[in-house]
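In what comes next, subunit A is part of two complexes: it sits with subunit B in the first one and with subunit C in the second one.
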Partner chain A sequence: MTRLRSWWSEVTLLRHLVLAAAGLLVVVAVLESAGDFRSLQLASMAYLGLAAGGLTILTGLNGQISLGHGALMAIGAYTTALLLPDRESSTPLALVVLAAVGATLAVGVAVGYAAARLHGPYLAGATLALAVAVPGVALFFKGRLGGEQGLRVVLPDIPEWVLDLAFFVTGQELTRSRYVAYVAWLTLVVTFVLLANLSRSRVGRRWRAVRDDAVAAELAGIHLGRARVSAFTVSAAAAGAAGAMMAITVRLAAPSGFTLNLSLTLLTAVVLGGLGSLTGAIIGAALLTFLPQVVTGWGTDAGLSDIRAAELAPLVYGLVMILVILLAPSGIVGTLRRLAVRRTRGGPEPAPPATDAADPAAPSSSDALTTTSKGTSP
Partner chain B sequence: MQQLVNTALSGLTLGMVYAAFALALVMIWRSTRVVNFAQAPMAMVTTFVALAVIDAGHSYWLGFGLALLSGLVLGAVVERVVIRPVEGKPEINAVILTLGLFIVLHALASVVFGNRYRSFPAPFGVRGVEVGDTTLGITGFGIFSIAAVLVVMALLVLLFRVTDLGLRMRAAAYHQEVARLLGVRVGRMLTLGWALASVVGSLAGLLIAGGSLVHPGFMDSIVVFGFVAAVLGGLDSPVGAVVGGLLLGLSLSFVSGYVGSQLVALTALAILMLVLTLRPGGLFSQPAQRRV
Partner chain C sequence: MSHPLTGESPVAGPSPRLALSDVTVTFGGVTALSEVGLLVRPHQVLGVIGPNGAGKTTLFNVACGFVRPDRGRLEWRDQEVTGLRPRDLAGLGIARTLQGLGLFDRVTVLENVMIGADRHTRSGFLSSLLALPGASRDERALRERAREVLDGLGIAAHADRYPASLPYAVRKRVALARALAAEPDLLLLDEPASGLSTSEMDDLGRLVRELTERMSVMLVEHHMDLVMRVCDEITVLDFGRVIAHGTPDQVRDDPAVLAAYLGETVGEA
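== the complex of A and B ==
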């Protein structure tokens, strides 16, 4: 058993692929039983999860904060909207998503080069400026970007072979909302496999080294600025893909969809789930998608007007975020993991600091566990 | 020509307010090494306190005073309750806490005061001052804003340069351990520093609000401008923050007047990126300074 476990923790790529395949199976099972409304809701969970996944890599693995992931999503969404203006647009969806990622990547490199290579609050401030600035750009170039109304996104027709394949596999007709949800979740799974591999690779180890001790990392020959900028760039690219998915889900790219609040709630999702954990990012995204209705329901029951009740959800997020940092800095996934480790080991585990939360695929604490089990087993 | 002068004058007024806000950020940064992003909603909340008092039929000045007082209390409470527990932990924790506070205050204000735009009164004229037969682009309230910020700056200089308390606060910010050994109650000094910074931020909020509209998000862009102004000045220097605020106010005013007000925030971002690329230590830094 222990040998199997240590083998499992060493075959990183295989493990990630198996997990991804299992995830896709779950996605198919859930989506096939979901109606149109549920499918769109799950699609929005997927794009929030994508953006949160990018952010958790930046914040958890590299210790930097971005308050502009909502704005980066806007760049991805507007690129998508410009490429899909009407039904006749012949650009395949995959190319559109790649273009959205490319555009966001370019902005990410520019902002990252200026702000991320420096140690300090500069990236947080610059991305905050980005979050406040981007809606204004859409308003200024009214003719091209649609001003306050925004741009409509027209989803291209579902390719024949996809329809056939879907019918062959599931025996059900593929509706457009379900198609969108499949595209969003497939993008999420592919992105997460890439991110998980990256974080277990040399690149990810560099990011963590820079996060934990900048001086030691520099002595070890790591270029600090380059590591920080690359972490931000990768994170921005994920946000771009999220923006593209948001555009085809909501079928609209408008400034009101990309307020500062979006960026801040993404950060909430990441903190709640556990910094640095991709699983945590998905849990956080699920909370962001499904919690607001519940909380707003409480508010209207308590006699608040609809508009005011809608503000209760961010209130809950904010309060929980503060409490998580004060009481359980490693978030939901990190705390569960620590409890599990404590149970298997039978001894208390020293509490890691917030930034030391477990990384996506295998946590540092279970790494330690693996070494011990290796040492004791003959 | 007249437009040029008027744009410059309104830039000067705005610049003074940005300078005040930047000063608040710098004060907290110097003492606790946190950029207090929650400064914006904190100032928003105190402005709403003033609005509530004025709407209840009391005078503007009572609202003004109560807003500053509530700023003082709010700053102290935030430092004691939220920031103190994560002192000595990774900096990112404190930053996330200020952002959590940002969300909470925003949402609370929306729940309590509502989400719509409300007009905020001004104690002085909001029409341009007339000199001869030309109307200048500076209002009575603008002059009051500049004067108020100058008075606050003078008071702060007096506090930090002349009084014993100011010396202790500087010592606590400069080196906590040594200050503690010398008998300074460092914790109290940090709380006081946050409280004072919050008062300065509240003042900036009241000055931005005067004669215009307020809603829960009305200070969000101001925290960006304050941050850019502070970085222009090097983030560590109060004088730099003031100069940075004035520079930024002037440049943003020209962009707003000649290009379009929607691009103001983008200009601020561009200026920030330019400064960080060319002179990360601020405009007045010595090239030899370097921080890992």
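== the complex of A and C ==
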């Protein structure tokens, strides 16, 4: 049994592909029973999940905080909008998405290089500037980027073979909303497989090493700057894919969609779900997407007016946030993992949460470099 | 007794691994190291001792690239490496343990050690992204190597634990395992015995001697009995200067060393 388990944990690609296939089956099952409205909702859950997945890699595995992921999504979305201006545009959707990812990736490299020397609040500040500046760029270049109104995104016709395939597999006509949802979830699954591969590889291990102790990581021969830039770039690419999915879901790329609020919301989703966990990113995205609707429903049931009921959602979200941070600082997934392990004693315990205080017996590495422990002299 | 103060090779023999000559380091007017020279020969344990504040840790920081000397020269296998960064020196085969251990707290013991061996992997970003067979092979080899090192230090049972949950002595071994996994040619041990019991210290002494079959060791340590037992040669620092150098017996009887430790002037000793 243990042998099987260790084999399973070592065949990285196979495991990730099996999980991806299972995930896709769930997606098909859910989407086939969803109407148009629900499909679009699920599509927005997918793009939020994509962006949160990228952010959780950056923050959870590499310890960098970004308040600029909303802006990175904007770059993906605007690239998509520029490439899909009208129905006649013949660029295949896959290429459009790749272009959006490529554009965001390029910005990610540039920002990553600037950010590699910054830490904690300084990095947050620098990426905050990105969040503020990018919508401003869209406003400034009114003629090209549509100003306040933004750019309309025209979804190309669904390819014949996709329609045929969908009908063959599900026996239903593929609506455009459902098509968008499929594209978004397929993008999410592919991206997550790649992110999971990285996370389990030496690349991800280096990111963690740099996060936990930069001095020791450098002593192990790790290039700190390269590790930080690569983490930021990968994260930005995921945000770019998310932006592209957002553009085809809401059929618009406008500054109002990429406020600082979006960046902050993504960060809360990642913390709620559990830092560094891709499953956590999906859970966080689900909360973001469905909590407002559910809570508003409760409000109207309780006899509140529509406006009052709508005001409940941020309140409840804030409360959930506070409760998670107080009671489950390692996020939903981190805490579930802990509970599961406690039940099956003997397995490896889960990683301590980010908030664990440093062990007093072990001075931090910066101390180690500058101080001498006053040991016994001869 | 030969002083390598001038950096000229004082003793005939195999060419040194690490050679420092005339190394001076100042921190804002305070001189931490002054014209220090020393040699680490292959398969040798070199001890660096001295009273607190003598500059031992600064010397280590120079040797592993964290501190760039104001003056002087670092040579590694007869190549000048002055001013290289720690990651470059790590790539050349210099590994170091930290006084504060500096373990990666949120990855397992096994992964800590795998990170130590990182310089021996070749697979790049793309093969990691796509989990190509090359990357998986690399991973397996890395995991094997890490397990062997843990096994060799008798802590394989803790491979899947997280460092924070382990006793201090085990954590020290993990830190050592991480440095050894790099298979260095020179291992810098910064106070490896602090916090260890007498029997653990005996084990450590035996281990360090065994290591000389594969590498040179440079050792900063306060426990004199361990230093005297383990080292082939000892360099004594005081106020940033080399005040003595030689075999343990030579150093033990050196009046300058006694003076430095007991606070007397050389004349009275």
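Methods note: the second predicted complex is superposed on the first by the 310 of 378 C-alpha atoms of A that agree within 3 Å, B and C clash if a C-alpha of one lies under 4 Å from a C-alpha of the other, contacts with A are read in each partner's own complex, and residues count from 1 in each chain.
Following the convention adopted for this analysis, a residue touches a chain if its C-beta (ideal position, glycine included) is under 8 Å from a C-beta of that chain, and two chains touch if they have at least 3 such contacts.
All figures in this text were calculated on a predicted structure; none of them were measured in a lab.
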Contacts of A:Ala129 with subunit B and subunit C, given as first, second, both or neither: first
Contacts of A:Thr56 with subunit B and subunit C, given as first, second, both or neither: neither
Which superposed partner A:Ala114 touches (first subunit B, second subunit C, both, neither): first
Partner chain(s) touched by A:Thr279 [first = subunit B, second = subunit C, both, neither]: neither
Which superposed partner A:Arg202 touches (first subunit B, second subunit C, both, neither): second
Subunit B versus subunit C as contact partner of A:Thr12, first or second or both or neither: second
Contacts of A:Ala220 with subunit B and subunit C, given as first, second, both or neither: second
Subunit B/subunit C common contact set on subunit A: 215, 218, 224, 354
Of all residues in subunit A, those that touch subunit B in their complex: 59, 63-65, 67, 110-111, 113-115, 118-122, 124-126, 128-130, 132-134, 136-137, 139-140, 214-215, 218, 224, 260-261, 264-265, 267-268, 271, 304, 307-308, 311-315, 317-319, 321-322, 325-326, 329, 353-355
Subunit B to subunit A touching residues, read off their complex: 29, 34-35, 37, 82, 85-86, 89-90, 92-93, 95-97, 99-104, 106-108, 110-111, 114-115, 217, 220-221, 223-224, 227-228, 231, 235, 260, 262-266, 268-269, 272-274, 276-277, 280, 291-292
Complex contacts: residues of subunit A adjacent to subunit C: 10-13, 16, 194, 197-198, 200-206, 208-209, 211-213, 215-224, 230, 348-349, 351-352, 354, 356, 358-359, 361-365, 367-378
Subunit A contact footprint on subunit C (complex, rising order): 51-53, 56-57, 61, 64, 66, 85-87, 90-91, 95-96, 98-108, 111, 114-116, 118-119, 121, 123, 125, 128-131, 135-136, 138-140, 142-143, 160-162, 164-165, 168, 171, 178-179, 182, 190-191, 194-195, 222-224, 261
